[in-house]
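In what comes next, chain A is part of two complexes: it sits with chain B in the first one and with chain C in the second one.
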Partner chain A sequence: MNPALRRMKDLPSTHLLGAGSAMCAGCGGLLALHEIYDLLGARTVFVNAASCMTLLASYPFTPFRGSWLYTAMASAPAGAQGVRDALDILIGQGRLPPEEDLTAVALTGDGAATGIGLSATSGAIDRGLDFIYLCYDNEGYGNTGQQSSPATPLGARTATSGGAHGHAASKKDLFAIWVAHRPVYAATVVGADPLDLARKIDKARALTGPRLIHALAPCPPGWSFDPAEAVEIGRLAVKTGVWPLKEYVDGKVVHTHVPHPRLPVEEYLKRQGRFRHLFEPERDVQVLARIQSQVDAYWAEVCA
Partner chain B sequence: MRRLLTGNAAAAWGARLARADYVPAFPITPQTEIIELLAQWFDSGELRGRLTLLESEHSMLTAAAAAAATGVRVFTATSSQGLLYAMEMLYTVPGWRAPFVLVNVSRGLASPITLESDHNDVLAARDSGFLQFHCASCQEVVDSVLLAYRLAEDPRVRLPAIVNLDGFHLSFTREPVDLPTAEAAAAFLPPFESHGIGFRASRPVSQAVAVLGGSAYSYFRYETHLAAEQALAAHGAIAAEFAQRFGRPHEAVERYRSDDAEIVFFMIGAFATKAMDAVDRLREAGVAAGLVRPRLLRPYPAADLQRALAGRRAVAVIDQNLSVGKGGVLHGELASVLYGQPDAPLLASYVGGLGGRDISAEEFFQIARELQDAVLAGRVPPPRLLYTAGELRQMRNLQAIAAAPGIAGARA
Partner chain C sequence: MYRIRLHGRGGQGIKTGSRILGSAFFGAGFEVQDAPVYGAERRGASMAAHVRAARSPIRERGVITRPDLVALADETLLQVPAANVLSGVGPDSVLLLHGNGDAETWRARLAFSGTVVVLPAAGEHAEAELGGARCAGAAARLAGVISRQQLMAAIAQELASLGPSATETTTAQALAAYDAVARHAGVLRESRPAAAVAFAAPEWIDLPLESARIAAPDIFAAATSVEMRTGLWRTMRPEIDYAHCNRCAWICSTLCPDSAIRVLADRSPEIDLEHCKGCMICVSVCPPHAIRALPERAARARELAAAP
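Let's turn to the complex of A and B:
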């Protein structure tokens, strides 16, 4: 661990990412991005896929001090590939001084990361592309009004899963998909735990190769909670074990925080309107039990 | 240096002579030979830079444009289904104003899935913002790649370009090709100039950002269109310089024995050479026939076409494509620039040569007869889909086999 990142007061307070963007109040993705950008800095080019954050850079404004390239929903990793290859060629042939180099960062939502862009992601990891993939995960197609995505959790009500029991499938495991590719680094983070996040970004930026930063992004309009509660929701995701904080490095998965005692998942679920139908008008005992048992099973395996 | 080269090898040589820095690639028949050759040259050091195999054409086009936007000279190639798989990016990247060259080796589109050539693939990219060159010979392929880089990188233009060649008929046909020396190619095509476009630590930029509202959107769309229009004049000057350096004129519109022709065939691509042969034989028989062939399809050389066809009596547009429910694409395009022009010819529409289907000399003669009749009658014949009675008989045989009871049926 970087000894410079022991306590909260060791975190940078540069606020490199400008304010006044088009994101929603209380956006958990933006919170994480603020924290991450302070550490990655402006010597970056953010290669973006269609998502909420596409509107961060709206002509003629951008909150980024560094560079930005919008691509399309499915191919941000391929855009990062083109930028990386071109910089390598220019620097390798002496046509560009090495100090002009940049880190390529693919910035996508969970829809691109777990669905339409998965093939491009898999290809980029497979090629050993030197890039950071930053996925802010609001567990649905947030920009279009929170339809179910592959990252939507079991039981959540979305614009396309409005039935009595909410979303019928379980959340696709993006972290495990990355780990199966044996990348140089993968980590889950949440803006509500800035110290854990900072240590992981610090570790990631020192490495070369494909690196995943998967940030849970509590989404006030999509998950239906008051923007003021965004940080608390993020904390509860960790404390209930719903969002495990972990990293994959040197071929091993390590949990950077094991919640103990672990709160019941209901403490997390009941604070969000997207799960209200599990409590009102009557408790959906079956779905609640399934969610709790999935989380229990996960941690039983971790702690075995 | 004169060598026997396939159309694919000529395309690869074009990229080599252009000193392409970067080739994002994905294999597809009948294009694959191009990227295999380039891969060999990167491996052997005959080309400096990098070839990266992507996992799809959509990613390939994204990487190509992202690299061009970072400041290197990019070459890539695809065909047919691959071009369509990349279509979202094909329409996206011209607006980045980061020029590069894409070779498309034309091949008919599914369904049914097939391998041989027609032009529906490249015409699907017609409105994308890519410039389009259409080749009729292997010599033209290598020359057009060099011309395409010069035009695409011109400060007045700054748009990506497609160089199209016909699958099989050109891609796998060996022809003698005069290869410019590396020095001569370098004198014609200077090193890549990024004109300030590129990602640098000292110079942060935002590229391809979103706009909100139709006004800003329209502005940037019009800018791209006007740049493509400026490519017409720029092409004239660049082609003239090319002719002076290499002795091969490649005008936007090729006119073959058409200046004094009464009837004219109008085609793009390799099958136009079949039309040339038909023109020679018609001339021997006393028919004043000619061929007009646009090499440049985007920007559309409207004024050149109006001049080339003014005073001709009748034109047969032979489309190797099919806009389902409309007909030949090139026919409609040509009609739009001839309508209302003084001395405009009668314009007839023929669709043929789909999926590599031949267009025979007899068919050209038949078309010529129909044009002559149209001139006499002063009336345009209805559009025709070229298909012979013999082909239909063969097709009926195939259908009989397809419908025959199989083993299960025989048992029952």
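Let's turn to the complex of A and C:
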């Protein structure tokens, strides 16, 4: 661990990401990005697949101090490859001094990361592309009105999962998909735990090769909660064990925080309108039990 | 035809209001179009939605440029030029204002030649969030062709998926608004469909062919987003009580998603009100509770009172 990142006091006190972006008030994705950008620094090129974050940079306004490039939803890793190759060629030909090199960061939502962009991602990891993939996970297609994505959790109501029991499938495990590719690094983070996030970004930054940063992004309109609660919801996701904080490095998965005592998942669920139907007008005992038992099973394996 | 434009902020239910109004007209036997303006529908950001209702098929399309009624859920938007609240109004237009003050003062202040109807807002937070539904209820009464039952049926239909409690509160608010403007029933009149011959072409600007370096939408400067004054989105304002702030380790500054809290050299936090969107995260995370939430309306009134 970087000894310089021990306490909150060690985090940057000036912020690189410009104010005035068009993201919602209280956006958990923006929170993570603003913390991450401070550590990655301005020498980054963000390759952004169509998503909420597309609204960050809309001509002539950008919150970034470096480059940002827009790609189609499936193509951010391919865009990052192009940027990386161009930089390598320029440096190789002596047209760009090596100290002016940039880090290519694919920036996408969960819809692109776990769905339509997965094949491009898999290929990029196979090729050993030197890039960071930053997925902010608001568990749905946020930009188009929160339809279900493969990352939508069991029981959540979205624009396309109505019905009495909410979303019928369970969340696709992006971290495990990455780990199966044996990348250089993969980590889960949440903006509500800035210190854990900073240590992981610091680690990822120093490595070369394909790296995943998967950030849980509490989304006030999509999850229907008051924006003031965005940090608390992120903390509860960790404390209830719904969002494990972990990293994959040197071929091993390590949990950077094991919640103890672990709160019941209901503490997390009941704060969000997208799960309200599990509590009103009657408790949906079955779905609540299924959600809890999935989380219990996960931690039973971790702690075995 | 009735041409109605609803304006408000994301989170006030403007889109829902337009759907309620559209369905209510439909229930009253009208042909209807209703649509929100697609854009960054962010909480607090300026929003608009359009409703057309007519007794014969509607051939007009697109945004309403000459509204018969502008229903404004949030009077503070009048200070936001980009919201274009009053664009296209004329002496025959009606402005329904969900806010405070009296109609004559507003007419004078806005130099508005049409009719102003004020729908008093109690200024409470919960009520503000139903501004769209309140405007829909009042607009239904101003048109004078929609009954209470038709309004209630439209709400039940539009909010069915949100459950009985949402339907109940919305209905109560919409009906209260419907009753509050009773003495103005019928003030909104149908206007004639626009004739094609009367169409005035917009003033196009011809752009010369430029090189890609100039014509491509590339941004060559850093952090230009600060030119966007997202502070105008705010309905609540955070205020630091420096006597209680213990200059912790800039927790508020790290957790503000919008980079709107700066840490000064003496380690004090400072809120950038030009950009703070009013999410109130800082209020809820400050360990000694040194940041309080103040309604933006009250904060502005206080500033105005203090100005020389």
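Just so we're on the same page, the second predicted complex is superposed on the first by the 304 of 304 C-alpha atoms of A that agree within 3 Å, B and C clash if a C-alpha of one lies under 4 Å from a C-alpha of the other, contacts with A are read in each partner's own complex, and residues count from 1 in each chain.
Note that in this section a residue touches a chain if its C-beta (ideal position, glycine included) is under 8 Å from a C-beta of that chain, and two chains touch if they have at least 3 such contacts.
Predicted model, so just to flag it, every value in this text is computed and none were measured.
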item	value
Overlay on chain A: chain C relative to chain B, clash or fit	fit
Partner chain(s) touched by A:T71 [first = chain B, second = chain C, both, neither]	first
Partner chain(s) touched by A:A230 [first = chain B, second = chain C, both, neither]	second
Angle, in degrees and to the nearest 10, that opens at chain A between the C-alpha centres of chain B and chain C	90
Contacts of A:K239 with chain B and chain C, given as first, second, both or neither	neither
Which superposed partner A:V47 touches (first chain B, second chain C, both, neither)	first
Touching partner for A:R205 - first (chain B), second (chain C), both, neither	neither
Which of chain B and chain C A:G123 touches, first, second, both or neither	first
Contacts of A:Y59 with chain B and chain C, given as first, second, both or neither	both
Smallest separation in angstrom, by C-alpha atoms, between chain B and chain C in the superposition	5
Chain B and chain C footprints on chain A, overlapping residues	42, 55, 57, 59, 62, 64-66, 68
Chain A residues touching chain B - in the complex, by the definition given at the top	42-43, 45, 47, 54-55, 57-59, 62, 64-72, 74-75, 77-83, 85-90, 93, 96, 99-102, 119-120, 122-123, 126-127
Of all residues in chain C, those that touch chain A in their complex	10-11, 40, 42-45, 161, 163-165, 217, 219, 222-230, 233-234, 248-251, 253-260, 262-263, 272, 274-275, 277-281, 283-285, 293
Interfacial residue positions of chain B with respect to chain A in the complex	21-22, 24, 48-50, 52-56, 58-60, 62-72, 88-89, 92, 199-202, 204-212, 216
Complex contacts: residues of chain A adjacent to chain C	7-9, 11, 13-28, 30-31, 34-35, 42, 55-57, 59-66, 68, 162, 191-192, 194, 220-221, 226-232, 276-277, 280-281
